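Some structures are shown below for you to check.
After this come two complexes, each holding chain A, first together with chain B and then together with chain C.
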Partner chain A sequence: MLLLIALMTSRSIAAEIKLVNFFTEHCVQCHGPDEQESGVRLDQSINLLLADTRLMEKIVHVVEDGEMPPEEELQPPDNLIDEIIPILEDRIISQRSPNPLKRLTRFEYTNTLSDLFGVEFDLSHLLPPDHVEEGFDKFGDSQIMSPHQLMAYLETARFVAERILPLSKPETQTWDFDGKYFHGSKNFATGGGGDYLEDDEYVLTGFRPYRSNLHLSIDPEEHDQFAIPAFGKYRLEVSVRSDQSKEGEIIGINLGDGRHPTSFKTIKRIALPHRANHFETELTLKLGDQLAFTFDSARIPGKSLKKQEHKGPSLRFSRVKIVGPLEGSWPTKAMKAIVPNPDMSPEELVDHLAIMLTRNELPSEDRTAYLNIARAKLELTGSKPATARSILIALLTSPHFLYKSESQELTAIQQAHRLSYFLWNSIPDPELLNASKLGQLREDPREQVERMLMDPKTDRFIEDFTRQWLQRDKVSDFGPDVRVFKNVRRMTVDSMSREGRELFRYMLENGLSMELFIDSDFVMANDRLARFYGLPPVEGDNFVPVELPADSERGGLVAQAGFLKLTSTDFATSPIHRGSWILKNLYNMKINPPADILINEPDIRGTTTVREAILKHQELESCSRCHSKIDPLGFALEYYDPVGRKRNEYRHVEELVAEDDETVFTKKIKFTKAPIEANMTLPNGREVSDMVSLKNALIEDKEKIIKGLIEKLISYAHGREVTVADRPYVNDVFDSISEEEFSLRAAIHAIVDHPAFRKR
Partner chain B sequence: MASVNRRTILKGAGVAIPLPLFESTQATALTSKVSHRSTKRMVCLSNNYGVYQKAFFPKESGQNYETPPTLTALEKHRRDFTIFSNLDHGLTGGHACVPTFLNGIRPDMAASFPEGNISIDQKAAEFVGSETRYPSLTLKVKENNQTSFTRTGVQVPSIDVTQLYRKLFLEDSPEAKQQERLRIKRHTSILDTILDRAAVVNTTLSGQDQRKFAEYLNSIRSLEKKIEQQRPWLEKVKPSTEMKEPRPAKQTADEMKIMMELIALAIETDSTRVMTLATGFANGDFGLQGGYHGFSHHGELPEKTNALKQIEGNQIQQMSHLIDLLKSKNDPINGGTLFDHTMILFGCGMATGTHSCKNMPLILAGGGFKLGQHQVMPSEDHRRVMACNLLLSMLQNFGLELDRFGTSTGTLNGLEWS
Partner chain C sequence: MKRRTFLAGSGISIMLPRMESLGQVVETNSNRRLLTIVNHLSFYQPKLIPEQEGGFSQTPTLLNELSEHLEDLKIFSGLDNPAVQNGFGHTPCVGILSGYFNKLQRKNRLSIDQAIADRIGGETRFKSLVFQAGENLNFSQISWDKHGLPVKQIDSPRKIFNLLFQVDENAKAQKQVLAEDRSILDTVLSQAQSMEKRLNHTDRAKLDEYMTSVREVEQTVKRRAYWADRSKPQSDYKIEEFDRKSVDDYVSTLLDLAVLALESDSTRAVTVQIPFWEGFKEPELSGNYHDLSHHGQKPEKIEKLMMLERGILSRISDSLAKMKNRTVGESTLFDQTTTLLTASMGSANSHNFDDLPALVFDSRIQTPGHWRKQDAPMSNLYLGLLQLFAPKQEHFGESTNAFEILA
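Then we have the complex of A and B:
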């Protein structure tokens, strides 16, 4: 034993000496006592240096990529690099900090309740959103707990408990509204007028709610709005048709007071197929909710129609029938699930609910506390549902429910949780739990993973992962300015934000290769996106694969309008933003803006100097390390404008400032044209000048990009950053799927099957 | 005629604050005066359509500007307010920017910001916490107030003069109080249980997890304290007043006047320290026929711009009235007048009725700021200053220790005396 320790120590001492020699010979000249390029100094005590994991990771990256030592300096021999890197990797692995404790995200919480009780809650008005700067909201590091957050959990728990355990049966009612009860924007003081009643049909013409919306009053004479009387599921049966339209249209269902529509919240969009005259949908609504309909795919924002008759497409509503709250049975399924047997003792109730919510038995000390609540409540009220409510509220706010605790080696239950929150974004179902308890997840998880991927709940993973990975929710953050980008309408932008998700879904469902994220000979498109891309027409709002014409540059994530748009501002593209997006999201590279430097976002409005200004970055040593990689990738995409359309020249946009009596207002826009110069050279010497050469360069980097994507999936599944310490894991997954053409589905199987998936 | 009557009643309407409350307020005031900076209040006034800029912004910068038509009523206070030019949130979106007045962030962009689109009043309210009965109040006259947002992005519903009066002076029914007591009790009992048990969970966790979990434990303790602090308000008697319960008046000007009196009373009684108010237009105001929105799209037609000058002139007149009221009342907490310690901001997130959000109308008064001029900020695109810098200055003045708010890049120079 002693010998072993001695042996290990001497081995590690030998390794350290090797490192010190390497640093002295190749690094210290610029990172030593005389100079500290980029603030890095490598002549310090080796133990101190090795303790700085971030620095070690940086060194691994720059040495491996051949960035350091710089080309003009003496290069270390390859076999030396091959010796050095594993030493650093081992050290990084041994120093990795444990995966932090994680709590449920808002989505996880909501989905979990939905799966437990079969009720689709919208808790966005109660639970704060989880904010993340980098990575995923599942990262324990970035999750905040505060009195505010905790109060939100308390209020949410009470809201949920009171809704799923009503003390009396709500009466199902039917409301039938026709033209007499319809109101629109012209009825309130803020103007409007883009809607009107004509022959018992209410006509919407514009997409702006304050120009055009339909809401319902309870009395034909008065303007008091209809409001939902009790929580529950409601069925809407709406007679509506489009007019003067050659395609399907999109109807928005919103919550909010139709008389003050600037704060509408869109809760659902309905695609009304061409020539349809009716739709039905079910919504979970709460007491006091007010419904309003909007014409989201309208061609114009909406204008007052007093002077001019509306000639374009319109939506015509003739009837809105609302039925609810709908309860299939009484007591409801959720009530039966929560109190399966009215004779249960408080003990049984506590145990039952604890297992239901946490999939685990409560520690005996904790059990007593919940039992006290249950007994006190039962004594006070004599009511089982009221008692169950109290236990539910306490459990839903307790750490047992809110936190996902994980031991060093995950227990069977913890394994099931990790897998379930990965692929369903929710709590495991009994089948998965049983399988895990029988050791199936340990031995061969394939069957369970396949079963889960076939389940519609996988939608949540697809939605949540792609929303965060591709920042799909930021596609519509800016503009587009309608004065500049005519014909790019809100539903086109909405379709752009869905494209990345639909591609992911299609690839997952069909076991396609992750190389298709780089380039493909098809794109996923619906009617609006196909038209926007100039592809053969697609019918309907659903996405289908569309084969690309030979001369098309589309295909792959970097040619998606959504990506090109979200990396641009109202008027201008941002090559730096685009380039760094590619590095961060395809290569999973960590890029931080340099500290203490004021970053001026490049503005294409001053096109003549932008390129020069940006190239300046590359001259400064501290900037060039990242910008020599970022800029060429971004500039190659300059032939695509801020909404992702091909362009051959810049349109310099200037808002003309009209000065009149010293009062400043901007009205008109002036365009000037300027040529595009996009070619640049990547650090590896490869030249990129446009979309095609960029994609070729990315394909060359296929291994790095696919590993980057694997890392994204792992970090999402584990709720932590993936670092150099995860290399063995990532490499194993990469190797095992190389025989399956790097299929996305295979990657998920390989991740779950890896021993690391069962570790904290 | 009814409005005349109301006015006479209001003239005599003082407040009678129940003695114990008053004393305790003073007692805390004395101690807090020694150890803290003064207790500040914040009132934000807005409309939903911006202003007619030509009649709003002075032509000259600095102290010796000629008072523009819309600001006539503020002339007598000209040393006590500053009007800013070329400040805005850098946003587009027309009416969708009305909700950005106090946060600089459109609701649809909120998800990209750490604190969402929380507005300054709600941020200030979090700071005040339980020190007053209402951490904040969101008010309206004739039109919905779209300026207050919580950190979860929920728009705080607004209340009118009647509801405000009831909140300030009318005791809740015993049933309503009982309901509230019950609610507090339930929350506390659950927190008790969790805290009790959470300590046990804590001991079974590894060091790393314990640190993370400490956040949870601390949150429980702070929340318990917060609830505990809020609880006494339920049992405390509200101040009383001779003022009769008002009804929303027919004319906006009349109702605004009542609202200003109530705002001043709310501050005087320390019922709240944070209020926002949005106001609108009622058909028939000043003998005008039409709608506010219609007027705001004036196309430079004199009848419409004149209407706007009257509507906006009245909003400024009411602000001036509020300043009068606050100047005439002693500040029981800080000494001096209430105005010395109350910052009043007038503005709108949409700058003008023609949907431009550039160059927001912004007037800041009171609060102990260094004011009294037309401060013209740089107008060039690349040198523009974010309006959130002004909001951050206000929050700092209010007592919050912050160095960022919304889209701020710093604070505004020159507002502080030292």
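Then we have the complex of A and C:
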């Protein structure tokens, strides 16, 4: 034993000496007593240096990538690098900081309640959104708890408990609205939105939700809006057809007062197939909700303040029937699940609900307080449902429910939770819990993972992971400016934002290789996107795989319009955004703008020197370390415009002084053409000049990119950043799926099957 | 732009009584109030800040909008926020009132409005009221409590109005709810305490945030329970419905509500932000506020921007005038209120977070005028303000000394 320790110590001392020598020989000249480039100094005590994990990680990256020592300096031999890196890696692994405690995100909280009680809640009006600037909102590091967050939990818990345990049975009612009850903006002094009543049909011609929507009044003579009378599920049966249209149209269902739409919110979009004249849908609505319909795929924004005859496509509504609240049985399923037996004592009720919500028994020291709440309520009201409500509110606000507590080695219950919040974004179901308790997740999780992936709840993972990874929700943040991009409409942009998700889904469902994220001979497209890409027509709003013509440059994430638009502003592309997006999201690199440098926003509109302006970055050494990687990737994509269309030259846009007119879009625009110069050299000497050469360069980096994607998946599953300390985990997963052509589905299996998945 | 007429008479018919102490330390016994107004997109400073220092002689165009109040005004220019990290778009705006922003840190630091509210807000229905800049939470969380946690900000004029004046028709049920909330909070707090014993160091820090939050919410619930028993102030103010946000509609509504909140003594500290991301759209202008603020030094854009800024300043001037017209107790509301108007950027055109202007309105100011304080930390101004409410305080953020506000 003593010998072993002595041996280990001498080994680690030898390693430290090796490092000190390496630093002295190759680094200290610029990172030492005389100079401290980038504020780094490597001639300090080795133990002090090694304790700085972030610094060690940085050193691993720059040495591995050949960024340091700089080209012009003496280069360390490869075999020395191969010795140094593992020493650093071991040290980083040994001192990794623990995965911090995580609370439920709003999405997880909402799904958990839906699964527990079988009610689809929308809690966005109650719970604050989870903000995240890097990585995923599941990271414990980035999650804040604050008094107003906690107050929101308390209020949400009460809202939920009162809705799922109503004290009396709500009566199902039917409302039937026709043209007499339809109202739109034509009735308002705020200016017309181009909608009108014609022959008992209400006609929407443009998209301008704040101005142009169809809403329902309770009295033909009055303008008071119809409002939902009680929480519950409602069925909508709507008679509506499109006119002068050659394709399916999209209808928006919105909540908010259609007369004064200050807080209008789209809750659902309905794809109305071509020639259809009817749709039905079910929505969970709450007391006071007001419904309004919009024409989301309209060709015109609905801008005219003048009366003009409308010629293009329109939506014509003739009838809206609303039935609800719909209750399948009474007492409801949720009521029966919460109070399975009316004779339950407060003790039984507390124990039952604690297990239901936290999948665990309450620690005995906590149980008493719940019992006190239950007994007090029962005494006050004599009602079991009211008592159950109070227990629920307390449990839903408790740290046992809100936080995902994890021990160093996950218990069976914790393993089930991790897996379930990974693939379902929700609490494990009884089958998964039992399987985990029987040790199945430890021995061979394949069967459970397959079962879970077949479940529609996996849709939440697909939706949420791709939303955050690809920033799909930001695709429509800017523009497109209708004056510049005349034919790019709202629903085309909406389709762009769905493409990444649909590709991910298709690959997951069909066990396809993650290499397809780099390039593929097909794309996922619906009617609008296929037309936008100039592909053979696709019918309908659903995405299907479409084979690409041989000469097409599409295929792969970097050729998706959604990504190309996301990384552009209203008028102009941004090579820096595009390049750093690729490094961050495909390679999973950490890239931050330097915190100590003021980044001025130059006005580059109308100039032809974007390239020159940006290349200035590379002249300064502090900038060039990142920009020599970022800029070539971004510039190679300059042949794609701000909405992701191929272009052969720049079209710079300049806004001229507005003319006085009563409409909003009167700003005059001046276009200047300029040639594109896209070729640049990557740090490894490889030249990239366009989409094709860029994809080739990415394919050459296949291993790095696939590892980057594996890291994204792991960080999502574990709720923490993936660092150098996770290399063994990432490498194992990579190796094990290499035999399965790097299938996305296999990657998920391999991650869950890895021993690290069962650790904190 | 049309000028709104003042509301006839006083908008308030019942003033709130003071709350008997809930055990909070009240450092001052006066009725002093604080109104903080932050304009994230700043003002076009060449037309706001006089060239000369000292008393006002010639006033630039934008300052003209405030001409009624020059005798009560001190302008400080050229201020800096040394602990606010630059270079992340609008995000550093979150640090304007705390003087602090670090992208890697999730928490901020106590903001000046809350530092003062902690001292003067013990007896009113709300310790403070903070209005959000439109609906964009990301960049407009500017109020931070003493734990560095975000303070709830309210995002719509309707919600603010209801909070102030809506009478709860279900008062009895509401009281039961509040009583139950208190026992639930007790329960979850003791649960967190027993849970904490089993946790490691990092997790404890996380759970501490939870426990801190529970304790703060307990205070809020206590406060609510106290006020649930008492009648609410009433107002004949009609809140306007608007579907497009013009300066006129939006800023004046927010400021009206701020004045009503102070006048009804619902709170002593109100923080207002001028909405910026959605931007204003004026019928006479093409382009929205945020767009125009990136004027690229183009004269025609600056001219349009100035129209909006003049609109904003004239609404602020109206509100100050309104406060001078309202009598509360023995003096006017204005006499009892210190108003701070500042901006989180020096210029929105270049996104710089230094060279900041600050305008302080207070009827006790003896030497009105302009003081250039090139590169002085904003915290010096904040310390000066804080000392108006709590004379013994000696530090705030990066303060190196305290500005003279009144002398």
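Basically, the second predicted complex is superposed on the first by the 735 of 760 C-alpha atoms of A that agree within 3 Å, B and C clash if a C-alpha of one lies under 4 Å from a C-alpha of the other, contacts with A are read in each partner's own complex, and residues count from 1 in each chain.
Here is the rule we go by: a residue touches a chain if its C-beta (ideal position, glycine included) is under 8 Å from a C-beta of that chain, and two chains touch if they have at least 3 such contacts.
Since this is a predicted model, take the numbers as computed values, not measurements.
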In the superposed model built on chain A, check whether chain B and chain C fit or clash. clash
What is the contact status of A:Ile13 with respect to chain B (first) and chain C (second): first, second, both, or neither? neither
Pick one for A:Leu438: touches chain B only (first), chain C only (second), both, or neither. neither
When the two structures are overlaid on chain A, which partner does A:Lys474 contact: first (chain B), second (chain C), both, or neither? first
Just checking: does A:Pro100 make contact with chain B only, chain C only, both, or neither of them? Give me first, second, both or neither. both
With both complexes overlaid on chain A, does A:Ala394 touch chain B (first), chain C (second), both or neither? both
Based on the superposed arrangement, let me know which partner A:Leu326 touches: chain B (first), chain C (second), both, or neither? neither
In the superposed arrangement, does A:Ser142 touch chain B (first), chain C (second), both or neither? second
Examine A:Leu127 and indicate which partner it touches, taking first as chain B and second as chain C; both and neither are also allowed. first
Overlap of chain B and chain C contacts on chain A, residues 97-98, 100-101, 103, 128-129, 131, 133, 140, 144-151, 154, 158, 190, 210, 260, 262-263, 363, 365-366, 369-370, 372-373, 390, 393-394, 397-400, 402-403, 405, 657, 664, 666-667
What does chain A use to touch chain B in their complex? 97-98, 100-101, 103, 124-129, 131, 133, 140, 144-152, 154, 158, 189-191, 208, 210, 257, 260, 262-263, 363, 365-366, 369-370, 372-373, 390, 393-394, 397-400, 402-403, 405, 473-474, 476-477, 479, 481, 570, 657, 660-667
For chain C, which residues are in contact with chain A within the complex? 85-88, 91, 103, 106-107, 137-138, 145, 149-152, 156, 158, 176-177, 180-181, 183-188, 190-192, 194-195, 199-200, 202-203, 206-207, 209-210, 212-214, 216-217, 220, 241-244, 281, 285-287, 294, 296-298, 300, 349-352
Okay, in this complex, where on chain A does chain C touch? 97-98, 100-101, 103, 128-129, 131, 133, 140-142, 144-151, 154, 158, 190, 210-211, 259-263, 363, 365-366, 369-370, 372-373, 376-377, 380, 390, 393-394, 397-400, 402-403, 405, 592-601, 603, 605, 655, 657-658, 664, 666-667
In the complex, go through chain B and note every residue touching chain A. 48, 53-54, 57, 59, 85-86, 92, 95-96, 98-99, 107-114, 116, 126, 143-144, 146, 151-155, 186-187, 189-191, 193-194, 196-198, 200-201, 204-206, 208-209, 212-213, 215-216, 219-220, 222-223, 226, 280-281, 283, 291-294, 297, 351-352, 354, 356, 358-359, 379
